[in-house]
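Just dropping this structure here.
Order of writing sets the chain letters: A, B, C and D. Residues in each chain are counted from 1.
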Amino acid sequence: MPSGPRGGTPLRYDPAHASVSVFGAGGYTGALAARLLHRHTTFELRADTGRGDVGRRLDDLYPYHRVPLELEQLDLDRHARVDAAVVAYPHGAAAELVAELHRRGVRVVDLSADFRLRDAAVYEEWYRPHPEPELLPEAVYGLPERYRDEIKDAAIVANPGCYPTAAILALAPLARTGAIGDIVIDAKSGVSGAGRAATDAAHFVTVDENVNAYGVPRHRHTPEIEQELAALGAGVTITFTPHLLPLDQGELVSCYVTLNPGGDRVDARAIYREAYADEPFVELADTPVGVRAVRETNICRISVHEDERTGRVIVFGAIDNLWKGAASQAVQNLNLMFGLPEGEGIS
Amino acid sequence: MPSGPRGGTPLRYDPAHASVSVFGAGGYTGALAARLLHRHTTFELRADTGRGDVGRRLDDLYPYHRVPLELEQLDLDRHARVDAAVVAYPHGAAAELVAELHRRGVRVVDLSADFRLRDAAVYEEWYRPHPEPELLPEAVYGLPERYRDEIKDAAIVANPGCYPTAAILALAPLARTGAIGDIVIDAKSGVSGAGRAATDAAHFVTVDENVNAYGVPRHRHTPEIEQELAALGAGVTITFTPHLLPLDQGELVSCYVTLNPGGDRVDARAIYREAYADEPFVELADTPVGVRAVRETNICRISVHEDERTGRVIVFGAIDNLWKGAASQAVQNLNLMFGLPEGEGIS
Amino acid sequence: MPSGPRGGTPLRYDPAHASVSVFGAGGYTGALAARLLHRHTTFELRADTGRGDVGRRLDDLYPYHRVPLELEQLDLDRHARVDAAVVAYPHGAAAELVAELHRRGVRVVDLSADFRLRDAAVYEEWYRPHPEPELLPEAVYGLPERYRDEIKDAAIVANPGCYPTAAILALAPLARTGAIGDIVIDAKSGVSGAGRAATDAAHFVTVDENVNAYGVPRHRHTPEIEQELAALGAGVTITFTPHLLPLDQGELVSCYVTLNPGGDRVDARAIYREAYADEPFVELADTPVGVRAVRETNICRISVHEDERTGRVIVFGAIDNLWKGAASQAVQNLNLMFGLPEGEGIS
Amino acid sequence: MPSGPRGGTPLRYDPAHASVSVFGAGGYTGALAARLLHRHTTFELRADTGRGDVGRRLDDLYPYHRVPLELEQLDLDRHARVDAAVVAYPHGAAAELVAELHRRGVRVVDLSADFRLRDAAVYEEWYRPHPEPELLPEAVYGLPERYRDEIKDAAIVANPGCYPTAAILALAPLARTGAIGDIVIDAKSGVSGAGRAATDAAHFVTVDENVNAYGVPRHRHTPEIEQELAALGAGVTITFTPHLLPLDQGELVSCYVTLNPGGDRVDARAIYREAYADEPFVELADTPVGVRAVRETNICRISVHEDERTGRVIVFGAIDNLWKGAASQAVQNLNLMFGLPEGEGIS
């Protein structure tokens, strides 16, 4: 039995038909969340609102998703009369809406970065002054493999960034051993990770037959990864460098881990096998993982390799940035929050 | 009043150093024209003007082209003091600039559609009322394989559209026989053909793993193809349908020709071999041609196939839409206009 | 002697657990059929056999499909003890296996071309002498939108080719009017349509940034399309030309239809709306359809355009060649054969 | 004045027409070398031999290259009567041919790995026992930016591997400072780097929409990079991990450099500016470099970034793996060996 949000407020919803609105459903992640919820056996997708494209049908914008709904102008009096919300607003804009929904008693999964960092000062360092710092303690970091129990009762779930999802899952078992001395993460992402905006950087001709790095040397997902690794026991300053690749969906993190000198030898593969033995959405592979194997799934696929020459451990983690890196993980969180089977609608 | 070579006036330029400005060098075709002229042994690239991005360096916008010049604000008093101009403005905007350059005695190769159609009424039907109809008689259709002699003396050369370039070269030998009864042209183009503008249609995620038609059923290159085929002896109303493919540069026209019933049998391959025996930039192949074989070249590669079951002749023509379909053909025209070897700087 | 439902013999299987073997599950279509059946609520995937890669696990060969079975060496005494079979063998090799399964009373969906052409002489003209001509009358052409009732009782279902699936669905409503005078089909396919064999033609470097035609002018899917169009009332000799595109899954047919001169004007869009009003897997769109909209679905998406200049009707049809063009259509057929909801496991 | 090979033998060639054979011209790098030499103003391409495809024309295999020669069966008595040879054989097979050519007095640029490692024991550890260890002292590592003078006189030039070319150029200025403590190189390559063989790994469907690592954790280019960095002053054991991307030509190395603790602060950008001020084929950029900017060029483009948080220096290097990573660098070496301008035929 789900117990309801942290604040103790009794649940208003009928678990058989929990209603959900998606706010900002015109973007890639919001639209995919709408699709997953539209076909979900328990959730009832009540409304999609857009920040642009109001009045257009989702199945016109995204024929592939086949969601026969129109993007509506935001009207909280109508759209907030739901049990839960998925907020797919940009960083900064999200916080205010999340706060308002929270005041109205709606449980929220927020796809933005606004509630991922626990420390408002760190947020300010990497983004801007936090618009709703007093709400930060209400938020739970929405990585189910890490905070499953906390998510169940959360009022606000901060859905992790795509890179942090892959990186934390790829590094957590090793981080817990305390053996990590240093980490370099070289990440590669498909273009959908940059969102739907028609920019020079997303122009086909810019991306095609190309690869290069961006966000060097201070990409905003860095503190999120550091925060979670530190909480696990690896309090290191990481190097994190993402690259843009000529593909649509898919994200690979290549993690180069230097172990603490003088530490005991770790059997990395065994540690991962044990750590993820019961995780339905984490797969271990013996050979380096490719993103194609996880396309349009909620799965993070991981391979672990020990390099005897350098003593390093190399870990690869692959996800679909729009699915496990955003929308399907949001549904996974909603499932947990409403006491449903965790894989409902995303398996 | 332009004197123009056509009128017999002696040329003013020093052939060893004919100066050229590129107007609208910020777009894909203008930038490529600038690159080809920058490295040209005879032409001296004097200036590049931009319609946007003024002040940015071309080798910053397009590192690949390595043209160390800045995009300047248009200033005709400076930029028109040249022997020749390449105008890479959008349709409609080009005509006015071409007219002004012409008045100042500058010979122009215009990459827009504004001077391609000889009949202002046809232009109006497919575009808008023609801004400079009185100049149309001054313009020569810039397909060297068809109008080589006229181009040499032209004051204004209307550089053909990319699709018409491939289609006319693919069909001309057959059109001259008078045997053509009907034509369907199914064309396929890479994304660079749509230009540099950051639009939803050019977003990587829209194009990747996709193919679809556009401009159905009235793409604006249709009357240009019909005009030239009619002049060759094939006065037919054609069906022309372009498709967008997930690649950068390259254009393929698949031409399905129904011959006039009762006509003599034509030996299509022999006709093409004879027609193109001396053309340096037309290649004949025995098997269906692919666009990769002409990438970054001024070559049109053609294959001809007779289908005994249906009696049809199928002709494929492949070009690089930015090169033979635009910028390198413009240089080919400039070479002709200034008495240089036709392949100078584009072979 | 096969009893077969057609013959009126009562069905032997328990509808709750009809067992299926996939023969030739190592290839792209067989592997996808295995995946769809593995997750099917009613069918029980009993075995996968391979023609190569025997002993390898499917989830090793195709991690994406997540089918935890091993490719087994063919052993009919074990593998034919099932209610149904999907045969994914190459043309020629399939017929013999289908015949043997049929003799053992197994209902078969055959993905090869061996039972698609009703006339053994036509088969011989385009392929080779037919190995099992006496079985041809037992086979039903497995396009549910056309032969739904016949499929229900069929002992052998000849699953249509990918191009014919798209072409026939795109043309059938118009063919039925009797108004079609001539047809040119220009088809575009992703590389998965060419199968898993590692050939020069399928090498990434060959396909990338390229497009060209193949099978000119006699691709083997031609007679299949002609046979079915003739049966609908359009007995024309068609021109059919496929092209290979740099994408994985997806197939577009661009159909250029010349109507019979002097015929009544047809309201093409209305005809299609009526024809497909109740078809769950045919979608009509107002604008030219792209293959991305049908990726990994059993849907054929169609748009119809009338060209007033030429009088032609242009019809575009898009499918996923591995899904509706092969494996998911096979499951659609199995669903019909076993009295299940037609969309079970493929929606 | 070129002085001739190291051994002091007088040169036999007429510098105006030095003749060259390409051995193994059927592969990607050999074919490109043939193209560059075919169009070279000084070298005369005498013959192309193939290890397969003997009798086929190069312009049939590679229309794009437009080399109108046939691949011939190896016949040393004919093919070794040249001034120089480019050997594009696989590792192991190359050594024997190089040795034989050397015995016949032909100067060789070898594209294989056989003469890159100075220490036969290291070669044996990563490859197999060296077939011609006594020749190793004759060979010069063919990175002109590093061994320009030695290459001029070399009898055998070991053309660097593609990854080492990019990595060494990206790291050399920093290595010379002695400040490097540790290096992680995460490399990304297009598919042409894997060669022309039609394998599962090179199948379009395997690569498309995918990215993964290979050669983990012991890729054979590792010792080559370590050897050259050590010679420069950075004697570290490196972590080197290549990844395969869905693009054709292009290679990016992302180098994560940990500086020695307690060392003086280095002004990395200034060091690079000075180091490469006069190098015609090294470009420095302020923002992370992409491979598209160097496609089909002999240029290595580099950007240097200091990360204040971690103290690391991040260096990106981009090349075209077939050009600077192989064939055009071979021509650059030949130019040096024969006293020609270094950029002849490759600028």
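By definition in this document, contacts are C-beta pairs under 8 Å (C-beta built on N, C-alpha and C of every residue); 3 or more make two chains touch, one makes a residue touch a chain.
None of the values given here were measured: they were computed from a predicted structure.
Q: Using the touch definition from the top, how many steps at minimum link subunit B to subunit D?
A: Minimum number of steps from subunit B to subunit D: 1.
Q: Starting at subunit A, find the fewest moves between touching chains needed to arrive at subunit C.
A: 1
Q: If I rank A-D and A-B by number of C-beta contact pairs, which comes first?
A: If we tally the contacting C-beta pairs, A-D comes out ahead.
Q: Using mean Cα positions as chain centres, tell me which chain lies farthest from subunit C.
A: D
Q: Give, as an integer number of Å, the spacing between the C-alpha centres of subunit B and subunit A.
A: 48
Q: Where the centres are mean C-alpha positions, what is the separation of subunit A from subunit D, in Å?
A: Computed value for the inter-centroid distance: 41 Å.
Q: For subunit C, write out the residues touching at least two other chains, lowest number first.
A: Correct list: 208-209, 246-248, 290, 292, 295.
Q: Could you please specify the touching residues of subunit D with respect to subunit C in the complex?
A: 28, 191-192, 196, 198-200, 202-209, 246-248
Q: Can you list the subunit C residues touching subunit B in their complex?
A: Residues 182, 184, 186, 188, 190, 208-214, 216-218, 222, 237-239, 241, 243, 245-250, 252, 254, 256, 258, 288-292, 295, 305-310, 312, 314, 316, 318.
Q: Within their complex, state which residues of subunit B touch subunit D.
A: 63-64, 208-209, 285, 292-296, 301
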